[in-house]
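Given below, in the form of structure tokens, are the structures.
In what comes next, subunit A is part of two complexes: it sits with subunit B in the first one and with subunit C in the second one.
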Partner chain A sequence: MIPVVVAILAPALAALLGLGAGRRFPRLVVPVAIAGSAVAFLAALVLAARAISSAPLHDRLTGPTVPTGTFPFGLDVRLDGLAALVSVAVAAVALAVQVYSTAYLKGDPRYSSYAALVSLFTAAMMLVVFADDLLVLLVGWEVMGVCSYFLIGHHWEQEGARAGAVKAFVVTRLGDVGFLFGIFTLAASVKSFDIERVQAAALHGQISQSTATVATLLLLCGVVGKSAQFPLHTWLPDAMAGPTPVSALIHAATMVAAGIYLVARLYDVFLLAPSTLAVMAVIAAITMLGAALAALAQDDIKRVLAYSTVSQLAYMLAALAVGSAGAAAFHLLTHAAFKALLFLAAGSVIHAVGTNLMRDMGGLRRAMPVTFVTMTVGLAALAGLPPFSGFFSKEAVLAAAEHAARGEGPVATWAAWLVLVTGLLTVGITAAYATRLWLMTFFHEARGPVSPHEASPAMRWPLLVLAVPATLLGAVGLRSSWLPGWLGLDESLRPGAVTAALSVLLAVAGAVSVALVWRRAPATDPSGRLGRFRPAFARAFYVDELYDRVAVRPVRSAARAVLWTDDEVVAAGSLGSGRCAGRAGALLQLTQRGNVQAYLTGVLAGIVLLAVGVVTLT
Partner chain B sequence: MPLLMPLLVAALLFSIGAYGVLVRRNAILVLMSVELMLNAVNLNLVAFDVWLRDALLSGQVFTLFVITIAAAEVGLGLAIVLLVFRNRETSQLDLLTELREEPSDPAGVGTAAR
Partner chain C sequence: MAGTQAIDYTALAPALVVAVTALGVLVLDLFLPAGRKVVAAWAGTGGLVVALATLLPLVGDTRRTFCVPATNVDPVSCSYVVDHLTLVFQVLVLAGAVVVMLLSLDTLRDSRIPAGEYSFLLLSSVAGAVTLAASRDILTLVVALEVVSLPAFALVALRRFDSRSSEAALKLFLVSVVSTAVMLFGLSLVYGTTGAVHLDRIASALARSDGRLPATVLGVTLSLAGFGFKVAAVPFHFWAPDTYSGAPVPVAAYLSVVSKAAGFVGLAVLLTRGFGPYADVWAPAVAVIAALTMTVGNLAALRQRSAVRLLAWSSIAQSGYMLVPLGSAAHGAGSVDAVLPATVAYVLAYAVMNLGAFSVVTLVGRHRPRNAIEDYRGLGRTEPLTAFALAFALACLAGLPPGLLGLFAKVVVFQAPVEQGVGWLAVVMAVNVVIGLYYYLAWAAALYARPAEGARPPSYRISWSDGLAIGITLGAAVWLSVLPRMVLEALR
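So, the complex of A and B:
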């Protein structure tokens, strides 16, 4: 169990060193940050090797118990196949991002705090992955949120970065409120924050269905916020204002997958609540299709990838909804690989061209061969073309949905059908927007003003390394003794024949139709053919505008009303009473004329009055 | 002797004194009016002393005290009036208004809070 502790503490230590001494010793920043991630990566590799060699692995390390007055929580960590594999994905992407950032953010004045925050994020994600206690997990969960906030706002000189950071923080916080109460509900029913005990209680029927439904719906709020699912998905596209490596690590590969990971972790509780699973299926269906359509019309290359992340996360949620934690974990792992690759490749393109907008790119195929090849691999995996990894994991999800649609899953068949149909449709749209991105970025002639150049080695190598799992990782699902066995699950993750044929057909159809549209006018955006739907897709169905009307503006006016009340009622009240006292004093002042005899007259009159009063009233 | 007569005289004296204190403008006349009031008190004290047949004659003793204090008071008062006259060349009480409160801006109160 020592590697678990090392995997959590090494990046945390690197973060502490970076934040504490990074300013004074700028030459130490890069080695410390890379060493922290590398040590975590090695530890995760050791853990994964153990998980694979002695599958199904289940081990835990009981830490000190913290008394709280009611249910104590323990600083326990646990190790199983899922945690080990996810930790490898996290550490690998973190290491790749740290190496990549040395070139991408070279000469950035705030590099030391940036690297330290990425390390801190890695430590927090490791804590989430390994925590065996809901409150400890929550700590990691919130630290990730804070790191995300700081890193989105890295370029805080820009208005967009500040707004995006605040939006990400507020929106995810909205979900986290539900998450917190979900934890409390579970803990109140099980009398413990221990995940293992919660799972055991769920398996042995000690949690009633109604409690499980309430708790899982509340937890789902947090999951929806963190994993950017409808209706709390709006923060993720705006989070793209952060540096691209951060988008690769936090907003594509790891943090947004934490919500999915949490559901997988508490899956036995979720299985007790079929209605929650149905809600998850509906959310996933809406999100995957809507986000894919939105990705189709984005002009910013990072926003295309952001919406595609939202859409792919919806696949994972859909897999969980139709009862296949294995397919969700599978897609989580392959998505971590190919989406990190895509973001880093997009970063390399942005670094070369100096813009995020695809209409100013084009023709980069010859200038940037490494980026071109690796991004092609990533896009093929995203589009679900065989034999790339995304094909197998997406097929696992669709096969699970088909399985559930035949009435063999934990969820109602209509929900499974919904997931299956929208999943297949989304495959076609995913292929379409991936093709659009590919063609607009790399083909035809350069439209930008600068002549692009291939990325530096520190940026090239992470791409090449990540391209390997993005290509090959799909194979681990082929045998039931591989990925399902490592995860300790008794299910098959192999593609189903019908769904595979259908989805390949749809993917090819989507890609070919975009290519045909593009061939007619290679210099223009193929999404122009969407006609009057294009603005709706580009604005992501006006959800942001809706929230602006429904939430942002009322809150702003309420805030203005509070300000007005403070100014015009509270402050005016206190000032007015002060002025009143002043005026009354001025009135009294009129009597102070300095004439002693007038004063005496007053005194005498008073005495006479008192005397008369005393005599007449007593 | 009935008590009423000296009390009436004393009340008359006191009223004249009070009137003088409140109305006279000359400081010395005001001092003299104060003496009238004190003497009215003295008359009261003596009258009640006799009327009560006090064995210790405390009324008369008090009267002697009051006379002494009145002498000292007049001495002090006259000295003050003399100094005031030397400084200001007047002893008119209604002109001695140095200690009056100057009217200030009432709206100025509390504006510093903003």
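So, the complex of A and C:
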């Protein structure tokens, strides 16, 4: 179990060193940050090797117990196949991002705090992955949130970065309130914060269905917030104001997947609550389709990827809704690889052309061959083209949905059908926006003013390394002794014949139709053909505008009213009472002139008053 | 056999050790060369530590001595009882006295105060305080209270070269004499109507009497005066600010902590063990006194510029908080027993945090005789640890985190009027806590403020005795902030 502790503490130590001494020893910043994630990565590899060689692994390190007055919580960590594999994904992306950032943010004046925060984030995510106690997990969960806030606001001199950071923090916080109460509901019913015990209680029927439904719905609030699902998805596109490597790590591969991971962790509890699963299915269906349509009309390359992340996370949620934790974990792992790759490649493009807008890109294929090839791999995986990884994991999700639609899942068949149909539709749209991004960025002629160049080696190598799992990782689902075995699950993750054929067909259709539109006018945006729908897609169906009307403006008005009350009523009152107290003190000073006769008179007068009062009143 | 009885010397040991040490120190002082007089103070400190050690065998069971035989209505009654309450206060008194002695060592070396007399007087007063905690009849109570007070007059006057000192002593003396006279009058009325001197017999006599005799009611009320003086409750508080600022600072610390704790244990014992059946008489009176005391103390503290005077008024206000639980006891003996732990808890917490503040104030006052709040500006930059100790003590006194000790103690005190249904007292206390926040925090903020233009923030070489005193009090305050049960449940 030592590697578990190392995987958590090494990045934490790097963060501590970076925050404490980074300013004074700027030369140490990069080695410390990279060493922290590298050690964590090695530890994660050791753990994964153990998990694979002795699958199904289930190990637990009991830490000290902290009394709280009600139910104690324990600093326990646990190791199983899911935790080990997710930790490898986290550490690998973190390491790639740390290396990549050395070039991407070269010369940034706040680099030391940036690197330290990324390390801190890595440690927090590791804590979430390995924690076997809901309260400890919550600590990691919240530390991730605050790191995300700081890193989105890295360029705080820009208005957009500040607003995005605050929005991310507030919106996820909204979900976290429910999450916290979900934890309390579970703990109150099981009398423990221990995840293992909660799961065991769920398996042995010690949690009633109503309790499980309430608790899981509350937990789902936090999951929806953290994993940017409808209706709390709006923060993720705005979070793209942060540096691109941060988007790759936090807002694509790891933190946003933590919500999914949590559900997988407490899956036995969720299985007790079919209505929660149905809610999840509906949320997932709305999110995957809506976000994919929104991605189709974005001009900012990072916002395309952000909406695509929202949409892909919805696939994972859908897999959980139809009863397949294995498919969710599978898609989580492949998505971590190809989406981190896509973000880093996009960063490389942005770094070269100096803009996020695709209308100013174009023709980068020749100038940036490595970026082109790796991004093509990533987009193919995203679009779900065989044999890239995304195809297999997405097919696993769709196969599970089909399975459930035949009535063999834990969720109602209508929910499974909903997931299956929207999932297939979304495959087509995903291929369409991936093709649009690919064509607009890399083909035809350069539209921007600068002449682009290939990225430096520190940025190229992470791309090449991440392209390997983005291509090959899909194979682990092919045999039931591989990924399902490592996870200790008794299910198949192989693509279903009908759904696979349908989705490949739809993907090709989506890609080809975009390509045909594009060929007619290669210099323009193919999404122009959407006509009247385009503004609605580009504004993501006006959800932000709706929230502005319904929530933001009323709250602002209320805040102004409170401020006015505070200024005019409370402040005036406190100033006045302060002055009164001061004057009363001055009056009392008069009695304290140092005259002994006056003192004695005061004493005797007081005694007489007291005695008379007591004798007459009793 | 009538006329002789066995005396439990183990129970008496703490008081005896202190008293014998006091005499020994006086004799030792005669043989010390002029430059080495401070050794007497050392010996005195040692005696206090030994007295603390003699408390150890007393833990656990209740010991009684100086008893009178049972009568046909009353069981055996004893004048000197060492029970749990006694032990708690004896520990407080002795430990507080050790800290005061540590603080005095440097003062004695550097000033013209005679070390031998100083130590003798302080120990004598402590002997009285230790005895007071165990006294269970009104005669012993009065004698012990006077043993605490009389040496204090001389202690305050020891700075013979300073006229303020003599004036302060005179004021203390006069107010004390008047209060004691009133108290003796009250106690004699009580004795006259009950015919008993032992507290338990007074209580049973009061319980037996049907109806309320005005003479008894008057006697009970007037008896509050002597202890009211000792704890500096309004209207017996006038001496405190003048005396604190005229006396050597360690003596002020002694008066505000050890002597005040002695007053509280006397008051608590008298009211709960003796006058319990008359709780409906004295509790409203105590409640009014408590409300007045904290209000007057806090309002006057707002205007203070001198550190010692501020602490004087603040300790008056704190006395008000300590009286609140006693003032909430209204209905019967059960309620009296219920409120006692809250008062005890607050006295203990107050002793720790006020000694903490006085430790640093003594240190600063030795270098800046004016000892104004302004002199503390920027202390946090040059003396971070000392400044932290003071800031922590002030946060405790204010009842604000991180000073959790003060916060918990205030909550416990606050519960008493709420649970006993004396709502107005709770409201007065809440308002007062808010007023108190201002001057404590203004002072704490000054510690970390930018020093005034051109002024050099103070920096000291801290002697180990001062360091030890500051360390003990800060350590205790932090420790008890983390684990407050030791204080809050001291009586359980």
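Note that in this section the second predicted complex is superposed on the first by the 566 of 618 C-alpha atoms of A that agree within 3 Å, B and C clash if a C-alpha of one lies under 4 Å from a C-alpha of the other, contacts with A are read in each partner's own complex, and residues count from 1 in each chain.
FYI, a residue touches a chain if its C-beta (ideal position, glycine included) is under 8 Å from a C-beta of that chain, and two chains touch if they have at least 3 such contacts.
Owing to the predicted nature of the structure, the values given are computational and were not obtained by experimental measurement.
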item: Which superposed partner A:Leu590 touches (first subunit B, second subunit C, both, neither); value: first
item: Subunit A: partner with more touched residues, subunit B or subunit C; value: C
item: Touching partner for A:Leu575 - first (subunit B), second (subunit C), both, neither; value: first
item: Touched partner set for A:Leu610, first subunit B, second subunit C, both or neither; value: second
item: First, second, both or neither for A:Ala501, with subunit B first and subunit C second; value: neither
item: First, second, both or neither for A:Ala521, with subunit B first and subunit C second; value: neither
item: Which superposed partner A:Val555 touches (first subunit B, second subunit C, both, neither); value: neither
item: Overlap of the subunit B and subunit C footprints on subunit A, listed as residue numbers; value: 578, 581-582, 585-586, 589, 592, 594, 596, 600, 604
item: Residues of subunit B touching subunit A in the complex; value: 18, 21-23, 30, 93-94, 96-101, 103-104, 106-110, 113-114
item: Residues of subunit C touching subunit A in the complex; value: 167, 170-171, 174-175, 178-179, 182, 212, 214, 217-218, 221-222, 224-225, 229, 234-236, 238-239, 241-242, 280-282, 284-285, 288-289, 296, 299-303, 435, 438
item: Residue numbers on subunit A that touch subunit B, as the complex places them; value: 571, 574-575, 578-579, 581-583, 585-586, 589-590, 592-597, 600-601, 604
item: Residue numbers on subunit A that touch subunit C, as the complex places them; value: 578, 581-582, 584-586, 588-589, 591-592, 594, 596, 598-600, 602-607, 610-611, 613-615, 617-618
